[in-house]
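Following are the structures in question.
Below are two complexes that have chain A in common, paired first with chain B and then with chain C.
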Partner chain A sequence: MNRPFITREHLKVLIKVLKSSCDEFIAPRREHLTDIVFGDAKTGGGELPDYDGNSVISPRAFLLPQTEPLFEIKSARRSELAPIEDKRTRVFYGVRPCDIKALVLMREFFIEREFADEPYKTKMGRSTFIALACSKRCSAKAFCDEMGAGPVAKSGFDLQMRAVSRGYIIDIGSEKGEKIVGENKRLFKRASPQDEKEAKAVLKDFTKEPEKIDYKKLAKTMANDSVEPSVWDDIGQRCVICSGCVTLCPTCGCFSVVDRISGDRGERLRYCDGCPYAGFTRMAGGSAPFPLHKDHIRRFFEHKLNHDVDRYGTPSCVGCARCIETCPGNISIRKLIREAVK
Partner chain B sequence: MMKHVLTTCPYCGVGCGFYLDVRDNRIVGVIPSKSNPVSKGYLCVKGWHAHEPVQHPDRLKKPLIKQNGKFKEASWEAALDYVAKRLSQIKAKYGPEALAVCTSARCTNEENFLMMKFGRACLGTPHVDHCARTCHSATVSGLNQSFGSGASTNSYDELPFMDCILIIGSNPTEAHPIVGWRVRTAIDNGAKIIVCDPRRILPAENASIYIQQYPGSDIALINAMINYIVTEHLHDEKFIAERTEGFDELWEVVKDYTPESVKDITGLEPELIKKAARLYATNKRSCIMYSLGMTEHTVGTDNVMSMANLAMVTGHVGKEFSGVYPMRGQNNVQGACDMGALPNVYPGYQPVTDEAVRKKFEDAWGVKLPSKAGFTLTDMMQKAIEGSLKCFYIIGEDQVRTDPDTHMIERALKSLEFLIVQEIFLSETAKLAHVVLPGASYAEKDGTFTCAERRFQRVRKAIEPLSGKTDGEIVCEISRRLGYPIDPDPKNALDEMASLTPIFQGVSFERVDTNGLQWPVPSKGHPGTPVVHLGKFRRGLGKFMPIKNKPPAEVPDEEYPFILSTGRMLFHYNTGTMTRRVSNLLREYPRNFVQMNPADAEQLGLKAQGSRVKVKTRRGELVVAAEVTDKIKKGVLWMPFHFSDEPTNVLTNSAFDPVCKIGEYKACAAKIEKVK
Partner chain C sequence: MRNEYLPKQAVIEKIVDETADVKTFTLRVKDKSGDLLKYKPGQFMMLSLPGYGEAPFTFASSPAKSSRFQISVKKIGSLTGAMHNLKVKDTVGARGPYGNTFPLDKMKKRDLLFVAGGIGMAPLRPVIQQVFKNRKSYGRVEIVYGARTPKDMIYTDEVKSWRDEADTDIHLTVDVPDESWGGACGVVCVLFPKIKINPQTSIAVLCGPPLMIKFAIFDMLKLRFKEENIYASLERYMKCGIGKCGHCYVKGKYVCTDGPNFSYAEMKKLGIAS
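And now, the complex of A and B:
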């Protein structure tokens, strides 16, 4: 049977329904001029039902904010603590496939493996993800298709929408998604063969010159330390430790914690941390296992392109190009990949 | 409730744009704005963490009044009444000239305008200044004499397309990283870079020519470049003839400065100077970028005018893709200067001594205004010690930690009858105050900052002021109590400023809102001015100033054999009151250190990296860790000044430039001892 289908008119109704079902409706919104950023459209409105490009920052801004309070310290002296929990229900609307793949990897990291990160797990458990497949490349630097992370998500969403001229073809990715379609039957029709044909054409158009990266070969090259040393030297001289890459990367999950105390009271925060900082791996007493800066940045790339292939069977770079577009050293992970597999 | 509030970064003078990510009145992060014309989605590590200090528990939230040597919290009413009472008492007893106002390069244009107006119109004192004194006052005085305008001649976006960038006394990748990004892009586009710096800074790694001159030998270096350029006929004779005056006088001085003759002063091989001179002169699109490495000298003004000479000799100014770029150090140090927070000018650099200008302001403000120029910040400290100044009102500046010769500054502030400090954290200067008024950070107010490319940009309120009042409101409340009501509304303040200032006539919140606006903006519909001096310098003809090399006030000798230079580093900002409250930044560099050359370290017998050493000058001493690195020239020491508990400025020299009164932070004599 053909997949469900929704017209643009009915989509507006569905958005209304979804908004009333959650505490926050996180959707792409146009901020100043051309800036698109995920924000809460439940109270403020302004959601873009469809849009070109991608949000400056991925849904991680909500699931793992740059700084996040973990608990309140009511009395440091008496060790009195009180939880600070984010129990809001959220619908994430219009999430791009690259960010959906990132969420799948982050779920592995934060929930599925050795231990579960409670704040992250709580938020994920209360979130619904509605993906919007890409009809065109979000930026000239993006390469999701090369990384197998776009333009259409394979899994990790509750619903996925693919734009065609009449409206959107819907992929159902979970029971939650099934339920949304089921409860709003009147809004959905079935896609016509013409719609399906169109969707296929869009996909073909996007990946005109597929230059799939052999990520296993890439991982091996990195594991064998056979990337030209001059590549790392160059990267080391370019990086000015802005931390933009690890802050925007949808698959960077590293954080540290700090207590912000005033007198006897305060709170424990966690904050985004990661590879570029020398202090990230510096040990007490000042010794550092990797004293050279180029090796700090190399760690970032090794994680994405080598270690995670080993751990999850897939690279954890999703080709969103956020790190490239925010790097004041003009470092490009895509260029690195090209040079590495050359 | 969540919102994204677009605003301008509060750190250096580049002026990057980002959104503050606000959830339930808590600022949880920073999101770069890709549409911002300055930063285009790029930020440095300080910008990425600019939200963290705002709601730090150490923030001052209530006024503090000192009683028996201890601070006691007070209500706003009580504190403001007390401040107003003391101000009028001192004014009545000693006259208005016993009072001085120090405005803040960290505050908005509107607030600087209000503070300046408060000082001159309400208090009636001519003594208004701010920290530009210690960073780019030399730029204002130098470029003004050479070109007729003391600000950057060109815009950031020209940088990636330059053929040659001469970077001297500036460390863009650390101190102005998003301009550093443009330098990086220029390199990637094939530009040739010349770096002149006593330290081999990051851009030097990719430079075509790296020149490691001694601190304080810059005039000799630049004069030698001009000498070679003219001798080799690489100068732009047409430009010199049509656009400038005074070339013969310049040559009269510069003709003696052959590259060979400056070898001992600069410590440089003549060939290197020649190569650099040729590269800069012969490329079509060449510019000069400089910063405090040039200004913070007793010859700061002369240094700046030397660079102007070099630019004019080669015709690399007054057109697109050329020019002289002073990289401003603070978010709004350009704006604070522009707003007339200087002792000799009203907004837009209108002289206080010009009767017509003064009359215009007297008519607008309905008071008699002081007819002479006031004291500079440097002079204020001396006058406090001498006793003629009795009261300072300091807003958002930590002189005890930022001004050279800390012990002298402390003596000056302690000798005041009354010291008011308005701050967001209890700084070392605030600790000396009689009253501390809790100010508001950038995230708690509306207004504008002006960045180093003369661009007004909006600052927008993300949360309510933690103390309940913005800095502008505090000043206006004091003014009201003194019987001179001022409207604190930032929009009205900017409109009033624009109406009184020819070069800012067209500036308003509406015009600045979308993409900012680069001054001069001489009329309402004027589109702004990305490149200044096109076709004609602001002063008419560009003026060559014949300048001779002068050594720093203090040169190495047998007792103090090293040259100590100081500066800023990537992870911290000024006295670190904000950056040391950001976990990631503090962890990178938690403590002070001194950089020294391996040869010097060996001579001292230092065994390990990080050994404790004592740095001594004629003014003070400090024990810090040694960072041994070949990036610094032999015989030179370098220290950052960000660490309040290990304060470098106990060592620096308060000798100052006679024109602009900037202190000599970049060169003094020092010695170093091993700590056992």
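And now, the complex of A and C:
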């Protein structure tokens, strides 16, 4: 049987239904004239049912926000603490496949490993993900196809939409997604053979066979120190520690913790941190095991391109190219990868 | 919901001034449920002082049936500074246990060398206590302990009492002696010639400042200790203790969950053999 299909008109109705089903409807909106930014459109509206390109920041910003309370401090003096639970349900609408793959990797890291990260787990459990497959390359620098993350997501979504001329073909990725389709039967039809044909055709931008990245070779090159030391020197020199890469990377999740106290009450917050910073590994007393800047940057790349291949079988770079676009020093992870597998 | 980041309350029952800047706190956990008290030698906990933050401390006492444990704290930063101002009956936050343990099973029937520098004796104390508790299960024990000055040694009475254990020797050294000091002078390595165990079959466990670890391992390898039989307890900046915050990450491993105790063979792989 053909896959479910929804027209553009019906999609607007579905968006209304989804909005009423959640506390926050996180959707792409246009801000500052051109930028696509995810934001809560439940009451304010302004969501884009479809859009070109990709958002400036991935939906990670809602799952690992810049600052987030871990618990409440009822009395600092007596160490009286109370849990804080984010009870909001969220629908993430229009998430690109690269960011969906990032969420799959982040789930593995934050939820499946030995200790679950409760705040992240809770939020993920209360979230629904509607992916929007890409029909065009979002930027000349993006290389999601080489990293096996796009233009169409393979898993990690509840529903995925693929644009064709009449509307969208729907992939169901989970029971949650199946339920949405089941409960809104009147909005969905079945895709026609013509729609299916078109869906294949719109991927023409990606049809040129991507240079398949050999992950194992990549990891091995990185592990064996086969990358010319001068490459790390060069990258170290060009990095100005703006931390744009770690702020925008959908698979970066490092954080630091601070207590914010007023009087005897307050909360313990975690906030996004990044390995390029000089103080990232510095301990009380001042000793830092990795004092050199180039080693910080090297660690960033090695983590994503080597160690995570060992751990997950895939690099934790999804080819979204946000770090490349933002880097004032023109450092390109794609170039590094190409260099490494050459 | 079990939020791993939420510490439990622990009350300070006793504070011992070990040195001018090291205090040993005996803490009693108010709520005995949970895993905190099920720790093993070598593991650590996150101690928190709301308003000052949280930092990892290795358990400094051998696991007991009571709801108490000890940690030794050197005044070195803002959290440890604040801790030194605490008094008996004050409450702190504690969560854990985290990290791996010393290889107590592998150590059985073998001769053992413990090398500690300064506050580095704290993580070794529970494993030494455990060894003496089951004295017959282990071979000869040599303990080398170095500190900056005689006044910087911690657990002095207890360390002296270890001399009474069967087939055990204690060697002490200081960098800067005072008039009362009759022992050796210099880095811990100067005492290695006095050790009466066979390096090729023995297990060595170290904890101390990075430089001490570096040179002690260098000399141990010359004595023909095997790389996989030298263990060190490492220290890293940590914010979570559960392999999430990324600060202690090194070459695909998290010192908090994969460590903090690594063999020299593992350290070499991680490129942190210093």
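Everything below uses one rule, namely that the second predicted complex is superposed on the first by the 337 of 342 C-alpha atoms of A that agree within 3 Å, B and C clash if a C-alpha of one lies under 4 Å from a C-alpha of the other, contacts with A are read in each partner's own complex, and residues count from 1 in each chain.
Throughout what follows, a residue touches a chain if its C-beta (ideal position, glycine included) is under 8 Å from a C-beta of that chain, and two chains touch if they have at least 3 such contacts.
What you see is a predicted model, and the numbers here were worked out from it, not measured in a lab.
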item: Touching partner for A:E31 - first (chain B), second (chain C), both, neither; value: first
item: Which of chain B and chain C A:D273 touches, first, second, both or neither; value: both
item: Touching partner for A:A140 - first (chain B), second (chain C), both, neither; value: neither
item: Touching partner for A:I261 - first (chain B), second (chain C), both, neither; value: both
item: Chain B and chain C contact sites that coincide on chain A, given as residue numbers; value: 256, 258, 261, 266, 273, 282
item: Parts of chain A lying in touch with chain C, wherever the complex brings them together; value: 70-71, 73, 75-81, 83, 85, 109-110, 113-119, 122, 253-259, 261, 266, 268, 270, 273, 275, 280-285, 287, 289, 299, 302-303, 306-308, 310-311
item: Partner chain B, residues of chain A touching it in the complex; value: 24, 31-35, 37, 39-40, 43-44, 56-57, 61, 65-69, 237-238, 240-244, 247, 256, 258, 260-262, 266, 271-273, 277-279, 282, 286, 325-330
item: Interfacial residue positions of chain B with respect to chain A in the complex; value: 1-4, 6, 19, 21, 23, 26, 28-36, 41-45, 47-49, 51-52, 56-58, 173-174, 177-178, 180-181, 184-185, 188, 202, 205-206, 514-515, 570-571, 583-584, 587-588, 610
item: Residue ranges of chain C in contact with chain A within the complex; value: 1-7, 9-10, 48-55, 76-80, 91-93, 210, 235-237, 239-240, 242-252, 257, 272
